[in-house]
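Following this message is one structure expressed as structure tokens.
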Amino acid sequence: MGAIEKFQEVSANRHQYAQDWKKKHNGKAIGWLCSYSPVEIMHAAGMLPVRILGSHEVQDVTDRYLFPTVCPFSRDALAQGLKGRYSYLDGITMARTCSHVQGTYDNWKNYIPIPFKYYVWQPNHMQSPRAKPLLVQEYKGFIQALEKFTGKKIADTDLDKAIELYNTNRRLMKQVYEFRKKEEPPITGAECMEMVVASQLMDVAEHNNLLEQLLKELPTRKLNRNFGVRLMMVGSEMDDIVFVKMMETLNCTVVIDEHCTGSRYFWDEVKPGKDPLAAIAERYVDRWQCPAVAAEFKPRFDRILKHAKDWKVQGALVYQQKFCDPHEFDIPHLLKMFKDNNIDTLVLEFDVTIPFGQFRTRIEAFLEILELELV
Amino acid sequence: MITAGIDMGAKTIKAVIVKDNKIAARSINPTGFEPVETAEKTLEEAIKQAGISRGDIKKIFTTGAGRKSIPFADNSVTEVTADAKGTNYLLPSVRTIVDIGAEEARGISTDASGKVLDFSKNDKCAAGAGAFVESMSRALELTVPLMIEISHKSTKEAPINATCAVFAESEVVSLIHTKIDKADIANAVHDAIASRVCSMVRRIPIEKDVALIGGVANNTAIVEAMKKHLGVEIKVPEKPEYVSALGAALLAAA
Amino acid sequence: MTTEFYRWTENTWKSPDIDWHKGQTITCGIDVGSVSSQAVIMVDDKIYAFCNTRTGSNSPDSANKALSISLKDTGMKPEDIQFIVGTGYGRVNIPMAKKAITEIACHARGANYMGGPAVKTILDMGGQDLKGIHCDERGKVTQFLMNDKCAAGTGRGMEVMAELLQVPIVDVGKMSLDVKEEPEPVSSTCVIFAKSEAIGLLRSGWTKNMVLAAYCSAMAHRVVGLLERIGIEKEFVITGGIAKNIGVVSRLEKELKLKVKPLSPDPQIAGGLGAAIFARDLLLKSRKTA
Amino acid sequence: MTTGTKYKTAPLKCWQKGKELRLEAYRDLATGHEQGKLMVLGCAATPYGMLAGLGDFVFLAGEPYGASVAADPPVSIPAMETYEARGYARDMCGYMRNFLGTMFQDKYYFTGGPFPKFDFAWSVRHCPAGHPKWHQIVSEYQGIPMNYIDDETMLATDGEQQARIDYVAGQYLDSIEWMEKITKRKYDDEKGIEAMRNYFINEGLWGEINLLNGAIPAPIDIKSMFALMPISMLRRHEKVAIEFLTELRDELKDRIANKIAAVPNERYRMCMLTPPPWSFLKVFRYLENYGVVFAGTYVYLINSGEVKFLYDEGKVVPATPPEKRPGWKTMKNREDLCRTVARWRAEHPFQSHLETRKKEYVIMFKHWKANAYLLLINRGCVPMTTSMYDFQRDLNRQGIPTSMFEGNFADCRDIDETGVLDRLETFLEGQGIQKIQDI
């Protein structure tokens, strides 16, 4: 099986994968809810970190827990828990960031039986010199709790090893992204999304091997498809592969992204230092910012623009989870930034499932703006 | 003792006459723009049916959205209280009542005596369930009965996500234009409503037995979908659209 | 079947002075929308015939119906048409169409044809959605916005009101203007809320006209909000059914302090017309390459 | 139907004075610069007394301002539409939308004149998606510097609290340096400490006043409380506020002694967890027809430092100023000041931990001798509404009746008034409370 097929298989059967992993390694699995959750530490604890995501199915089990204007992703994620799809998890954690997913965590904690729960109080004032020292302290608390739960000491060498593995993972995925700069990318946006999603579900070492394999395949991989317009996807959480596949049948290719479950999650590596905890804390303070913790537009926007230029995008699909206020703050300013740089944009608002008909029309109309010429 | 209950609904007005704790007559008319006159007319029809005279009626209670607009009423009660009373009379074993009206859906939990313990109503974005069926039957160019009939023949699921009735409509329209079978769309419409109503009802404790009342309860497809979503049997009283009016009449006798 | 107050009346038109046999290009655009469908036939660069009919419960039939009505007593047969472009909700599902183009591009093109190159801002109030479109002097879309989160301000809202008040939607506009003084706009932005608000107003003794006035101005309000986001440039036109609702249009003009440029022959055919023009482009292009 | 009048009633004597003090605070903003004062934008949770170290200042808290605009739909709607026209979403913080709307219109609500231009924004991040980003938009638009303190340290029970308090104290220290830099003024520790002392005293006074409403009949109704709130919210650092709140407190004690009621036919008592929709205050008047009086609300009257909860005894008492608490230091310099504020914030967080809040809700319910809670599903504020269903379940579990409605505290377009009133009538009917008469 090729690497891409493997990624697809894992993300399609994510729950089976995790349960098999537990059997095989006789280990524990821990679910995490926000991309600020320190996977390195969970891994060092000998656990399988599993990102909790939605299933994009219509559901009616969350309305008694989450009020009407909580973002669909937070609802969908909680629904999975309420339906028992994550019953194999031994623990759950989240890093303090946005209040929507906070609701998912709190209700999970209160209404879904799970042995281990830990809330990492992530300092959100990233510009403050006070943030890193505190985060180190918070991580110490997290480590103690994990050690108590697993009965396994977490040594600095474990942390170093985890850092090494995740840095490799990040580096390799960025190398795959490099291929998307080509005129005719040998990998589609949907395939890339599956790769990154899988990286948040799989054993990182195993994912690294698959990436090595993929990087061998890509140089000779030819896709027989209409590449069309080069698009960038910018926004909040996004793992709706069906949607991206639909989009890429409409004469366009997603060549780069900036979102919670994509590049924003993995782009920055840990700068190894003497003290591994300090190094990890530094990474999660200085990393590519989520609008939920950013109080300045510039750092995020500069990086987005650089991506857009390096990957030669012709248009940007700016989207958000419905009701995601952190992104809603940024979007008008983000659109202006794109406009000032002559990059056309289309804004979409995502729900748990997507009304394909209407979204298809908007995307087609957008592509028509970019390439339908009149006589 | 003879009493009457009048349900001043936004779409229809119903009257029920109760004689010595037995239903003596029922009548219904579209509300129109002169609700008071319609109420008068509806009541008179019931009186004729019951073979009594206006003077025999000891008390008249009103309920429903327009309950306060009736000068000749002795008192008014809210739909929730009336629903509970009426259902308790017809189906004493019921502890959870679901009432789906044109604009609003309600979940009511009651005790053995029909007293309201708790209730929930749909929030802003889930309003308009009942009316949704009708406008969708139009989009499908089917009468409501026909839509119900074919809905039972559905084989495939076609999800409708939007909670907003108006957005849901446009989802249905795009489904229609993507060659999806009418039966499956009809089914999806009923399923979507049931799903929305159920998630609202879940805010109150759901105890057996569960009853579905209100005009929409005549819609067997929705009843089916409700069973599926709540995972319990659902009782539907005879003439479910009259339950509120009946409750009001019974409360007038109390 | 009860009367459907929310329906727009159907209409059809044929040019008295064009002999289609003499035409170099005969093209057609078919717009299958959520509520109504239009077919527009162009002979060279002139509108030869069009019709505006109801959308049925499947696109191919609706398309066929529209096409055959517009061809009625023209002597023209479907096979005489050299290129057909489909647009609207049902565009991907119109058998006789050689290409599908979105209603957004088509509305702009059609409005540009009817309104001239000065038209820069187009408002399309459809049954299910509200579109603000900005285009260049050739009618090419440069930007568009659609209503999100809330269906408030869509044609559907107006239909709901018409149903509620049992008023034919074609009369809504002039009735809404027939009030002694302009009432406060309906405050609720949600269609369902607006409905229950309207019921409340009726109960408190408002006349139908006042309720309609309050709803029309609320709708005009919502629209202005959307338009301001894409920037209103002269000239400004409205396509789609609501364009015929003088109640909304006049209030819109008042708020924008800007006259809406009327579109003839019919603002409702903008989509179909645009499609017919695109069809002509594509036909000429294919002849060049051939 | 009986007219249920039971008690005598009388208007508040200090009402007029309160009104003047309130408007004065807002008017000052229009002329702040002419008066040579610093103009600072912040939020209700900003310990703005600290600003006194920089000299005279006027301070605008975004929330009460947004609320004032929201309470006035003819102004609020066009303001929000101006904001929306710039592409900002309709489902964001309701206060902010009203604030930014009038800013974009350049119409300052209280004078109708130009919107104040601030020297800088100093915010507290007590709301995960909110205030710093709100102020970020202002600072972009007005071209003013901004800084903020990341707070809400009580959100977590995991891990140790002290490190977080150090983190918050550190940010306060840094922000003082930052203020000195951007204002080119020397920070006078003494002045800052003095103003914060007033601030803490006022907090306690306001708490005492709110707790007095535990009396039957309630001496003051929630509408009047809200009307006077801005004094405690905007002028906490001033002596004049201390004087006024003392006067108000004494008058209330006097009303209690003489059984002077806010609502003469009081027979059913309710309280809230959050503020109401400001455009919909008539809901309280409407409920008076049923003999319902509102004793208070948790957010704004209780949860920002006004009271101290004695969890074991299930009691609540007015907060004592930190320096007078056992184990707290007297403030001598800015370090003490920052530590005290940080520690005080940690003990009186705007967003405390869910489980803590659940306890506090019950204590307040008992203290106010309430019969039921009125809960708002607030489409205009995520943090105030997250877990509302959880709270409802918890209250019901403890036998506390709740009535819940959906609306928006700052967007009149988001409320189905007829629907809400109908819901409340249904609830009261279930509670055996009938309408008394139209007042």
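In order of appearance the chains are A, B, C and D, and numbering begins at 1 in each one.
Definition applied: a residue touches a chain if its C-beta (ideal position, glycine included) is under 8 Å from a C-beta of that chain, and two chains touch if they have at least 3 such contacts.
This one's a predicted model, so the numbers in the text were calculated from it and none came from an experiment.
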Distance-maximising chain from chain C - centres being C-alpha averages: D
Length of the line joining the C-alpha centres of chain B and chain D, rounded to whole Å: 42
CA centroid of chain A to CA centroid of chain B, Å: 45
Gap in Å, rounded to a whole number, between the CA centres of chain C and chain B: 37
Per-residue overlap in chain D, given as positions that touch at least 2 other chains: 86-87, 89, 91, 377, 379, 389, 406, 414, 416, 419
Numbers and ranges of chain C residues touching at least 2 other chains: 89, 129, 149-150, 190, 193, 196, 199
Of all residues in chain B, the ones touching two or more other chains: 65, 123-125, 167, 170, 173-174, 177-178, 203
Chain contact topology (line, ring, star, complete or other): complete
Of chain C, residues touching chain D in the complex: 149-150, 187-190, 193, 196-197, 199-200, 221, 224-225, 228-229
Touch list for chain D against partner chain B, complex: 377, 379, 389, 396, 406, 414, 416, 419, 422-423, 425-427, 429-430
Residue numbers on chain C that touch chain B, as the complex places them: 1, 4, 32, 34, 56-59, 89-90, 92-93, 127-129, 150-151, 154, 156-157, 166, 190-193, 195-196, 199, 202-203, 208
Touching residues (chain side chain A, partner chain B) in the complex: 57-58, 60-64, 68, 351-358
Chain C residues touching chain A - in the complex, by the definition given at the top: 89, 101-105, 109, 129, 138-146, 148-149, 280-281, 284-285
